[in-house]
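Two complexes are shown next, each including subunit A; its partner changes from subunit B in the first to subunit C in the second.
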Partner chain A sequence: MPVQGLRAVSTARNGVGAFILQCKRLDFHYCDWAGSSRGMNAFLKNTLPAFARANPQVEINVSPRPRKHPVIKGTYINGREKAVCVRNLEKEQILKKAELLRDASGEQLKRVTKPISSTNESVRGIWSPYHGDSHTL
Partner chain B sequence: MLSRTIKRSALEGRWLSAPSSVLPPVFLFPQRARLFNSTSSIVDENTVPEPLKRSGISTSDAKNTVPHTQKDGATSASSSPPLPTPTSHNPSVPTTPIADSVRELLPLLSAQTSHYATVHIHARPYLITAGDTLRLPFLMKGVQPGDVLRLNRATNIGSRDYTLQGAPYIDERLFECRARVVGTESEPLRIKEKTKRRQRRVKTVKSKHRFTILKISDLNVKTVEEIEG
Partner chain C sequence: MNRLRLERWCGQVLSARPTRACHAHLSISRPCAARSLNVRYQSNSAATDASSSEAPSAPAATAAAAAATAAATAAPSLSSSQPSATSPAEPATSSSSSFSSPSPSSEPISSLPPSSAEQDIVYDYETLTQYPSPPPELARSSAKLAALHARLGLPERFPLETLARALVDPSADPAPRFNNGSLRTLGNNLLGYYAAEHLVCKYPRLPLTVLFQAVYAYIGPKALSQVRHEWGIELAAEPGGEVDPGLLQFARLTPGETPAEGTSGRPNEEMGWRRGMSSRVVYDNMYGEPKTEMEASERPELAPGVTVEDKRGETAEHAGANCVRAIFGGLYLHAGRPAAKKFFHDHFLSRQLDIAALFQFNQPTRDLSRLCAREGFEPLIARLLSETGRHSRHPVFVVGVYSGKDKLGEGIGGSLDEARIRAAISSLKGWYLYSPMDTRVPSDVEGQDGASVSWKPVYVDGGEVVV
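On to the complex of A and B.
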């Protein structure tokens, strides 16, 4: 009998029982002086409080980043990070970007051709010529 | 994320009496996560196709339920948490009686444990089992991560030995299929070069589509007693 590794007791299937949002933190970086941060500063003043209140499961940090373009960084449960530069964007566009980072899974973008991925065993099993009804010619 | 949720709940005075090392009952987690999420809807739900949404909490409902659960948090820890009330009505309850053949054979189908179903979303078929991840080929409008959709169009439901075939769709009272919106994903930027003959100009067309990810959380076949009772 071959040596068998330890079998995993359970696999994480987020959304089947509990659902946990994958984005755990959003960092907003702005610059007080630079013009490319104008939309970002308006966003921080006007839109961010409502956005933060609507998403209590996401930690939100705001910090200055002088002499640089404004950036939103998302940190995800899987340990990855996504950063979006929002220079010269209006505050509505920045809200779109923040929502994009919130909804993302944190995985690298991949081209997927099959719509369904499953870890379950085949329900009907694998066809075998030796089982089932006998077939006579 | 989970530990922060617990910490935040503890700060709200939810489990102040319990020592911090003792975790709250596990069944509270999905409820909390769901409630947190459902408060975040800025979008209106009217844009969701009516048959798709069944049991997701609407923004107005969520606002009603959140203070309620926080108020009686200590007491509800001992009893089971109340299930959120579905917002939309039962899609369309057909009054026709269940056919005799279905009534006879449905127990056989529901007795076998694992099931598959071919559910249709916007008339496209997807063969799913419970726990599958479904990446829709489009971005669904008006949904948020955490929302629950009730899928009520299916052409096939089967187990290892039996298959129930709809004509064209199966009676929606016979099964329950729920999917949770997990998030949106994107694809790598596609760049297509457009050229014309005898022209030097090359036009590049960029596209980057976004997709909604669903997780099939429930798929079960009901028994005749459940349907009529």
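On to the complex of A and C.
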């Protein structure tokens, strides 16, 4: 057998072709009594239906969390979870937080130092001292 | 239980899909005569069940029936408010004809008893726990399922009932009308066809061993299982009727149990004969492996009437891969070939695979010289192009392989032999990975959607070198 095949598995490139939003689920927790949930309750009544309609790919759960501060929790495809406490926030601010959770990738926040990160190999190739014009001293 | 109640509440007020946000309550309207546990194996398919509930005869229909009709307008293939809408001449209906036509009682949909408030069956928790998988009617009230539908960008013609059915493994529900056994067979064959034709047309000189592994890398069980995870399909802890239809349902392997294995289909299997490459095309699966995965039709323990205790489990990888195949098969049935091909390009061919990394050569210099002899090239000469530090601890040699005046390949190595072998490998890869410009695959010009595209014959190679 002159040549054999090696086993490999292709890797996903989200956004090349199809884009899968990484936020799977958003859980909105509120309290009926506490004052810190006032903005959250207004958000749930007024803003959330439009937000859910605009983002059909996110499953949205609303549940009470009595005597606790209101929280938005996002669950992501990579299995991680992000929670944002929205106590005493207005509904516009809560919408910003919900959009932040929706747009997050679920990864831990990292400092990006390199301008470009790519899985493709360089088009130009690695510099070689043995090619090109020879340097004469 | 708490979670279920929560999602139901969310489903009615804050459903993710606007067209389905108008469920007044969770009572699912369906003819009560057609439902008992024993009827599962003879009852109509999910699409028939769904559409039968959408023919309100009286104008004073309940809010639930109106909601079901409003939801069905999103899926035109299922809307049967007019009896003529189910005629097979319509293209939208014909796409799902295989799904709804085989009614054992051969009873047309329009003659089913019209649903009304008195005939509704409200699934309570106790009833649901007796089903092996969730009833298809619950698909429209699942927020997870609607979110998955939107996340994958599936067309409106792809109903949520089919998506729910694609998530039920035969190990969870053996009833063939309620599991994904048939959809995944179709999806698997389509995926194999599209992947193979793409690879054969794009890389016409690919050796068969590498072609098998490239198909495996794109649509093998490992890749599809990863796709399942990347699509955000979660696994149900245990299958059952009360589980959310948006979760993948399968019976897990018990500790110590091995997956059911089918027969390879090879004659004289016990003799231990060599598996040649040509025989793999005939006998083995699309990755050149012996067929070990059992088809659902071959598994007697999944036959109707067998209790849950007798069923064999399934690994999460196989169940995940099969649900991806089933979704693809369902998309082909409901949305047609152009949508299925676009979906394949977007979700499977867009994945990254370095085909050059799939090659493993035994004797590349010998292969290359045989190849050149076959193609009538001049005999090969390896020339030293550049070197440094021959007597040092880290010598570097750059060797080029020449046929006459043409440089076929170049390699860098720490010894002359290593550099020569690397140069031969690079020449062979340059040959095998030849890719013609502007390739067209046969399925591009199939059917009516391909009538505007003219067929350009693809490059067919003489085959790999035989040593």
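Just a few scattered comments:
Methods note: the second predicted complex is superposed on the first by the 122 of 137 C-alpha atoms of A that agree within 3 Å, B and C clash if a C-alpha of one lies under 4 Å from a C-alpha of the other, contacts with A are read in each partner's own complex, and residues count from 1 in each chain.
Heads up, the rule we're going with is that a residue touches a chain if its C-beta (ideal position, glycine included) is under 8 Å from a C-beta of that chain, and two chains touch if they have at least 3 such contacts.
Here the structure is a predicted model, which means the values were calculated and not measured.
When the two structures are aligned on the shared chain, A:24 is found in touch with subunit B and with subunit C. When the two structures are aligned on the shared chain, A:52 is found in touch with subunit C, with no touch to subunit B.
Shared-chain residue A:126: touches no atom of subunit B or subunit C. In the superposition on chain A, A:103 makes contact with subunit B only, while subunit C stays out of contact range.
Judged by the touch definition given at the top, the superposed model places A:112 against subunit B, while subunit C stays out of reach. With both structures placed on the common chain, the touch criterion links A:60 to subunit C but leaves subunit B unconnected. Touching of subunit A by both subunit B and subunit C, each in its own complex, is seen for residues 13-14, 16-18, 20-21, 24, 55-57, 59, 77, 119.
For subunit A in complex with subunit B, the touching residues are 13-22, 24, 50, 54-57, 59, 77, 100, 102-105, 107, 109-112, 115-121, 123-125. By the touch rule above, subunit A contacts subunit C in their complex via residues 1-14, 16-18, 20-21, 24-25, 48-49, 52-53, 55-63, 77, 119, 128-131. The part of subunit C that touches subunit A in the complex is made up of residues 6-7, 9-10, 13-18, 21, 143-144, 146-147, 149-153, 207, 209-214, 216-218, 220, 222-223, 226-227, 229-232, 246, 277, 343, 345-347, 349-354, 357-363, 367, 370, 385-386, 388, 396, 398, 412, 428, 432, 464-467. Note for the complex: subunit B touches subunit A at residues 1-2, 4-5, 8, 29-30, 33-34, 36-37, 39-42, 114-116, 126-137, 144-146, 158-160, 180, 182-188, 211, 213, 215-217.
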